[in-house]
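Each chain gets a letter, A, B, C and D, in the order it is written, and its residues are counted from 1.
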């Protein structure tokens, strides 16, 4: 037997090239992202400027003035309030509905699987298009939802056109699109729960409702928290649905951060204010996403441990 | 759990039926609408009795709309094509960039890797306009305005973090020993990556890719802000359609149906991957 | 050509030192068993040798040449993993063939090589199965076949029998020595099972807390364990450990048990009056009819493998285990006497846990340092 | 062709003769006005080619940014004529109106040289001009080297022409002597009533002639006909809600958006007169407006009228024009009326929207682009659009005097010309030009929505609006 042939040549490789490998692998992705970070820096810079495109002669650094102005700006507080209300309501509604549906579908059966597949479909619909669909459905002339409302006795239900119901209408679209997302997460969580505690509780004769409160809910809580944070982060930045539905109206009823910033930029060409608004939104999401990531990492460890 | 009273059984069935009704009805109704003429749509009260017509679809496919304002041509099929190019291109690029990076993050705990990974994830949560608005001012000088390349690059903002985080989770789930075994057997790192890591993370890559495709397809604000007329995807195109068609409701409905059909079909076809991707994307990473 | 030398190898993860200065020398063609409790760093050491992990400092030499800068794929090592680490998406055949494909063998050579090793390990009938379809034993053999197929000069086996059932482990323990000696490779074999260690090793190195505590032949390890810990790890039932204070007088050195003197090696005179631990292997004790034996009370008896194990207590209620081959007669209850062969008794320093060498110098202590 | 006739027309084209005398003299020669028009058109192209070097920029290519609009369709339909005339190539991007102006802002603010010219409204130039994104077109109009002798700038309706010129001083008068011509008018719209004759007749309602009659008529006709509403006006949260019917009626009462005190601007929406008008307007929408008024933009307003869902609209006259044709359910059923909201007023004073063309400052070849501009806004293309396409309302006197065009209108759209003539003298932009135009009108629309929804009483809302406006003006250094 020839030893030479069997022993591969002991090729040397420099330590440097080995330690560099992970950097080399992630470098292209990083470069692409750094390219995207540059405009972020620009936005910070703009937010510190008095910058209205229609008045170039007035442009200049005004440092924190754009931010300071927010304190006395009722529009800003309205935007903050609308964004938080929208995010809060959608998350709560979607959580409750999503949890309910997940509990309905918990048992693996043919019907349940079919229903969960059906529920994927709203989630796969672009939110902007979903808004358009609901716009058609709530049209006062022929919209089917308007018709149902008439049948139900609300002769003059104006959906997104009325300030009283506009928020409700966009929330309805949000709920339609995103409840399935929460449902899927919670269903995954429910189905991964260990069965022993439930069997033990059943043997002890613990009523099902109590099982739910004392076992299911606590064990599911990390999933619920993750799903809630995830949605909250998206929801507070809502743009597509509201822009496609009412562009922030009627009045200032739906002036959430990104819609306000968009209109500030494109219609008023007030770049400074627009950038400052977005920076505030970014700060909110940054704090939220930090909480989210910490919680999520814990959950991931758990999921991995159980796997 | 199996012992359900008949009443509970019925209540559950009713609840389930309501859920399906709520979530499926809009899609069902929009499909019905797309098969009607303005005349039958505008009937009051609404009625299910109508002779279905494919006129609306024909008009959109032909790109010729005879509306009540004027007859005009519309590039909806072009929008559809743009959506395909942008989504496929973005996902392909995100996979090429993201999979190796995900591998690096999963396998090598190098200096700053967690920070970089978090930064990339935080893109997922940053307000898109924060980046997009300044970008409108840059795009021209970069020569990226009015190009697919520019848009595909910006779409990485959605696709890349998604791919990176889901695929990384899958790579981390592969026992390092399996890769060590292959290396020790005499294969180089690239062969190991290609023959072991990639195939084993395959389902994860598929799930992440599908999900990224759908997010890219459904994206609205990027194209709204940055895309020029001939590069606009269906999401923006369909909205613009409302004006352009001078309210031919059936045509709007047909346009919506055509815009959401690809993702819906994809969802039906690959629902297993999608569910996995969605739950892992959020929970597992 | 393929001697394995390890020089002062250090590896820590974050703040925790896993290996703190390992030196080992495995002559060509011999088998070294790396023995130690879980978490002792055995697997880490093996990975350092294979190149899967880079040590913080120190060196690994194969055939006299340092391989620190050699990538794992170029070290020419065969390795079997504790968890088998089979490629789940490949058939058993492709799994086994992978070292051959890496070496750019022709299809014919690969087929012959794989089939030969599969026949040897009796898995030739499952070659087209994927790992999922294999039983644990088949998986283990596949992993072993993969390590062996390229006839590597260095073979690292990481507790390959850990995850297989008792019957298979027993069979393999009989088969492996022949297999390894047929290969003529230099082998490092990791195990937590002392019987495996005794059966397979030309030498056994005991690793604990990042150090090699003892490195010797199986006989040495068993009869002269360097520490109480090692004594406890080897042997089943475990060694009896009794706190004693040796006494030295005109009749020699002895310890007291149930008011009877146990004669100890005269070389231990220096430890008279110190707190020690007396180690008595259960099989070194036997019942006697003679009344000068140590009086004990039988508490219970239980069959254990091919042995019968008896629990007895001394006058001061200290528990002692005796073992004898099954079927040999023994008293059933009551107060009986046992004899102790002094040459089988080992004495440990209670404070340090190190064995006290009757010949004066404290070898164990030196080794551990 | 007879030499004499040719000479006559040439004289006319070079500006040496009024149209009236031309037709008179051609008539003396036995030619009808209509055939004279054809002749004139034919001759014009000849004349164009003869007197001016149209081929100077041959081989160059320019790119346009266009809004999806009938004017655009008309221009594109005639584009080959331009290409042939000049040997230039023209490419274009067409965006629907929902996103059009955002695209313009994006393109201009980035300093893009991609587009050489684009469609715009006059209001937009109050942003684009001061921002330095567009040029003062006077430089080209007044340069005989660059502009063909038959361009006839003076032929443009004066009010319209001047509405596109501003000196850039916030509050400065439109069309003042030092004004810069920020854009070239292309087509425009007056805001008047278009109504469904049948519905009004059935309800026994006369065509309203002032605000209170309008409110009554709208309420009456709505009560009399099932499933319709009385009056369509825009209501979305956008500047576009303010400028059509609303501002036309508002200014008919002599009310202003802002007052200009020696360059210092102040909000003027909270005067007593303004509050009274707002109260009426809000009540009219509450009583007889569309249920989803607050999402209505021009196309919902138009579509509802065309589909027979509303009885009247107070919006762009050309919207009424389009709704009376095509496959609209109410095609042929609609009629037009000039509308003076103020019973005291002698005539309607419609605010106008002007679709214009402007050259981008960043364009790499402004001279070549100007060739397109003068062709697209020139008399020949205007006539082509008016006669063959739906290019209403044209901005040139000569087109309004064209018999073929008038005939087309009178046949298909009875009453349209009368409506036009009644309101044209008072038609102009009624806003104060200033860079916060969009902030002001958007806030105004939002406030209108709140008032219609009864979230805030009219006078309180207007006080709030004025205060907020004054604050913004102060912040922008305009007050």
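FYI, a residue touches a chain if its C-beta (ideal position, glycine included) is under 8 Å from a C-beta of that chain, and two chains touch if they have at least 3 such contacts.
This one's a predicted model, so the numbers in the text were calculated from it and none came from an experiment.
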Let me check something: if the centre of a chain is the mean of its CA atoms, which chain is farthest from chain C?
D
Name the chain pair with more contacting C-beta pairs, choosing from B-D and B-C.
B-D
Mind checking the centre-to-centre distance between chain B and chain D? Centres are C-alpha means, answer in whole Å.
41
Centroid distance [mean C-alpha coordinates] between chain C and chain A, Å
56
What is the distance in Å between the mean C-alpha positions of chain A and chain B?
15
So which stretches of chain A touch two or more other chains?
8, 139, 141, 265
Quick check on chain D: which residues sit in contact with 2+ other chains?
102, 106, 109, 307
Residues of chain C engaged with two or more neighbouring chains:
71, 73-76, 103, 150
Can you name the residues of chain D that touch chain A in the complex?
101-102, 105-106, 109, 126-128, 130-132, 235-239, 290-295, 304, 307, 309, 435-436, 438-439, 442, 445-447, 449-450, 453, 455, 468, 475-477
Contact residues on chain B for chain D in the complex?
38, 42, 44, 66-70, 72, 136-141, 145-146, 224-226, 228-230, 236, 239-244, 246-247
Chain A - residues contacting chain B, complex:
8, 19, 21-23, 25-26, 28-30, 32-33, 35-36, 38-40, 42-43, 46, 100-101, 104-105, 107, 111, 115-130, 132-134, 136-137, 139, 141-142, 144, 147, 176, 179-181, 184-185, 187-189, 198, 202, 223, 226-227, 230, 233, 237, 239-240, 243-244, 257-258, 261-262, 265, 271, 274-275, 278-279, 281-282, 285-286, 288-289, 292-293, 296, 299-300, 303-304, 307
Per the touch rule above, chain B residues touching chain C in the complex are 175-178, 180-189, 191, 196, 199-200
Of all residues in chain B, those that touch chain A in their complex
1, 12, 15-16, 19-20, 22-24, 26-27, 29-30, 33, 41-46, 96-98, 100-101, 103-105, 107-108, 110, 113, 116, 118-123, 125-135, 137-138, 153-154, 156-157, 160, 164, 169, 172-173, 186, 189, 214, 217-221, 224-225, 234-236, 238-239, 242, 249, 252-253, 256, 259-260, 263-264, 266-268, 271, 274-275, 278-279, 282-285
